[in-house]
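One chain, chain A, appears in both complexes that follow, with chain B as partner in the first and chain C in the second.
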Partner chain A sequence: MIEISGVSQVFQTSGRQSHLALSNISLTIQDGAFVSILGPSGCGKSTLLYIVGGFVAPSQGTTRVKGKAITGPGPDRGPVFQEFALFPWKSVLGNVMYGPRQQGVSSAEAEAQSRQLIEMVGLKGFEHFYPKELSGGMKQRVALARTLAYHPAVLLMDEPFGALDAHTRTRLQNDLLNIWERDRKTVLFVTHSVEEAVFLSDKVVVMTRSPGRIKRIIDIDLPRPRRRAELLLDPHYQKYVVDIEGMIDDTSEDELHP
Partner chain B sequence: MMSWRTLVSRLAPLLACLGLLGIWQIGALILDTDSFPTAIDALRAVPSILTDKESLINILASLRRMAIGFGVGVGLSIPLGLMMGRSRAVASFFNPLLMITYPVPKAALMPIIMLWLGVGDLAKTLVIFLGVSLPVVFHSFQGARAVEEKMLWSGAAMGLSAGQRMLRIVLPSALPEILIGCRTGLVLALITMITSEMIARQSGAGNILFNALDMGQYDTVFAMIIIVGAMGIGLDAAFEQLRKRLVRWSEPRFDLPLSFS
Partner chain C sequence: MKGRVLTSDVLLGIAPIALMIAVWQALISFGYAPATLLPPPGQVFMRLVRQLGNNEYQQDIAATLFRLFAGFAIAVVLGVGIGLAAAASPAVNAVVRPIVRVLAPLPKVALYPALLLLLGFGHESKITLVVADALFPILLSTYYGASMVEQKLIWSAMAAGTPPRQILFKVVLPAAMPSVLTGCRIGLVISCIVVFLAEMITSTDGLGHVLVTAARTFRAVDMFVPLITISLLGLILNGLLQWLRSYLLRGFPEV
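Let's turn to the complex of A and B:
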């Protein structure tokens, strides 16, 4: 379980001003849940994810994972960044093996596991390619495999498919769902796509425009396993998408009367 | 099969050398003065220098000082530059020192260093060390500063400690930039090596060169210039080979080789 309570984040900007990026965020995420954070650009979605990851310390409030206060990054929470952040001097295999090797898994075993993961994310045959030789979608697959390789209980994904073309994006969404349905990790997934959030999640957290507050939390009551083709035709799915889109649009009015 | 195009690009450096020697030869024949021997005369003097035991000892002594100065310079400058690039405190501590020493020609410090350390190996090696250090520190600093933060975060999430991140993330990702600094440093090492020997005439390749100049042995002077030049080109080409191998992962696909490698 991830507990975020009363978290606020103030940034010092270059003009000696302070900028409130997150305001009093409280959120509880159950183990094994797929939770999406949705909100306009600049509302603090990434910042919230970084705080849970332990990469950024909040100005106020506390965060806990499995009851333990978060004081820094750890292998229990695996990030997948929008920028991929692969190690460019390592091959695909080298990148994926990096985490397990660091965790003390033997070289042979780490390699075997990593090859399996690389196959799972659809990159068999590319083991010895360097990141610069891969397309954006392939890099994101490697980034996902690299994080899955050290078995974090929680996946923290920051607009992982944001930079990809529609086709690649759809395929990766399906792949992610398959992986998740198999081993039910807790996923905190940042996106600005309403369809993506509804398609993937158990819960969608809608945030307000800056300073980021939680506006609504919507339970997505759609059956699993979810198949894209069926879901797109499902009126319940369509209603969720339309409703949530509406919430994002009138965010600014709502801010006046919280 | 080597294509015509690659053949030309392989041969280009050789053709450039031959062209240069040809122009030299013609120029010297036209000018016809003692102080400007022809290329052929100068080339002819090369083997006699390279077979003379005394000269070889001198040249090897030069190379040894250069290797030590370069090695120690690189060995200290890379960690310093990387730490400066990752820590504001370290950077602001060392920055003034580097800003002051940066524009000073290192050979200009030679008289003071000679005064303190004598005219032996130590003084000359120190000057080489100083010459090598600045570009390597500077490029290591730039490289470390440019490391993508999310890459360090990814490492931290895998459980890498701050020290491990420095060694296993900052160092490799800054390596292309570091090696650019080292390449400059290597050429500067050769330059400061010769200059130091010009100032402290006691041994070395520079010593042979300037003694020959004093004695009016112009063939030897020009032969030494060829030898030192060839050493520079050879070292640079060898270093480029090594560099390319180390950072193959970062090389752009098409690049014009700016070396003889």
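Let's turn to the complex of A and C:
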């Protein structure tokens, strides 16, 4: 369980002014839930993810994972970034093996596990390629495998498919769901795509634009496992998408007429 | 296809050098420079080949190479070390930055007389001068490279369980490697220049010394031989570094 309580984040801007990025966020995420944080760009949704990751300390408030206060990054929370952030000096295999090796797993064991994960994300045969030799979609598959390799209980996904073309994006969404169905990790998924959030999530947290506040939390009551072709025709899915898009629009109006 | 592109590049690269040699020959052939002062290239190359087989000349090459390597190696260790430390720690940066600003623009060769008095005429004074000159480009490019490492690479490693004190060597240094190696390349060229210069000013051996001795006794051909030798050495060393670079950076884009 992830408990975020009363979290605010203030940034100092260059002009000695302070900018309130997140305002009083409280949110509880159950184990095994797939939760999306949805909001316009600049609403601080990525910052919230970085706070849970322990990469950024909040100005106010506390975050706990399984009852333990977060003081820094840890292998129980694995990030996947939009920018992939693969180690360019390591091959695909080297990238995926990095986590297990850091966790003290023997080289042979880490390699065996990593090869399995690489196969699972559909990149068998690419083990010795370097990230620069892969397409964006393939890079993100490697990044996902690299994170899964150290068995985090929570996946923190920061607009992971935001830099990909529509086709690749759809395929990766499907593959992510298939992988998630196997072990049902807790996923915190930041996105600005309403369809993506509804398609993937159990819960969608809609945020307002700066300062980021939680506007609404919507339970997505759609059957799993989800099949994209069925879902797109499902009126319930369509209603969720339309309703949430309306909320996002409202958020933008607020911004225009403060 | 790639092989053909490479050959045409090599040909394009050789053309200006060939042109330079042709101009050199023409200056003599058309009587603009007397052959006693500016010897024809053919004669110089013949002498070079002969000298390369000469034991005494080989020892001069060895002396120069030793100083060059020792100085360059120390500059790499110090430059990368200090550059990384400054990028990692604001306190170190606060100490290093003013020193670098004061010392970097200083013509290091001006320190040479003092170094001679302090360290004598042997290897030490020359190696120190090489270090002093080669250090700054390596230090600065390491510092900037290490400061610009993508934050999310570091976060990815920390989440995977890398302790903060290992981040420097496991992530920052490898990620900064392209700019570290660019600094090294500049440092190597500077090392070649400086070691030769130091030997020209005051030395009892080395290629720079050979040149100065030949000039003082009006042996024009022998004057050009060490010049060509040092540029050939520079070419070979740069080639080796380039090879090392393409190996170390094989995963990086645009190398």
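Criterion: the second predicted complex is superposed on the first by the 251 of 258 C-alpha atoms of A that agree within 3 Å, B and C clash if a C-alpha of one lies under 4 Å from a C-alpha of the other, contacts with A are read in each partner's own complex, and residues count from 1 in each chain.
In this text, a contact is a pair of C-beta atoms (placed from the backbone, for glycine too) under 8 Å apart; a residue touches a chain by one contact, two chains touch by 3 or more.
None of the values given here were measured: they were computed from a predicted structure.
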Side-by-side fit of chain B and chain C on chain A, or clash: clash
Which superposed partner A:102 touches (first chain B, second chain C, both, neither): both
Touched partner set for A:53, first chain B, second chain C, both or neither: both
Partner chain(s) touched by A:122 [first = chain B, second = chain C, both, neither]: neither
Contacts of A:61 with chain B and chain C, given as first, second, both or neither: neither
Partner chain(s) touched by A:32 [first = chain B, second = chain C, both, neither]: neither
Contact residues of chain A, present in both the chain B and the chain C interface: 50, 53, 55, 72-75, 77-79, 81, 83, 85, 87-90, 98-99, 102-103, 130-132, 146-147, 150, 152
Of chain C, residues touching chain A in the complex: 150, 152-153, 155-162, 171, 174-175, 177, 248-253
Complex contacts: residues of chain B adjacent to chain A: 148, 150-151, 153-154, 156-160, 169, 172-173, 175, 247-250
Residue ranges of chain A in contact with chain B within the complex: 50, 53-55, 72-75, 77-79, 81, 83, 85-90, 98-99, 102-103, 130-132, 146-147, 150, 152
List of chain A residues in touch with chain C within their complex: 50, 53, 55, 72-75, 77-79, 81, 83, 85, 87-91, 98-99, 102-103, 130-132, 146-147, 150, 152
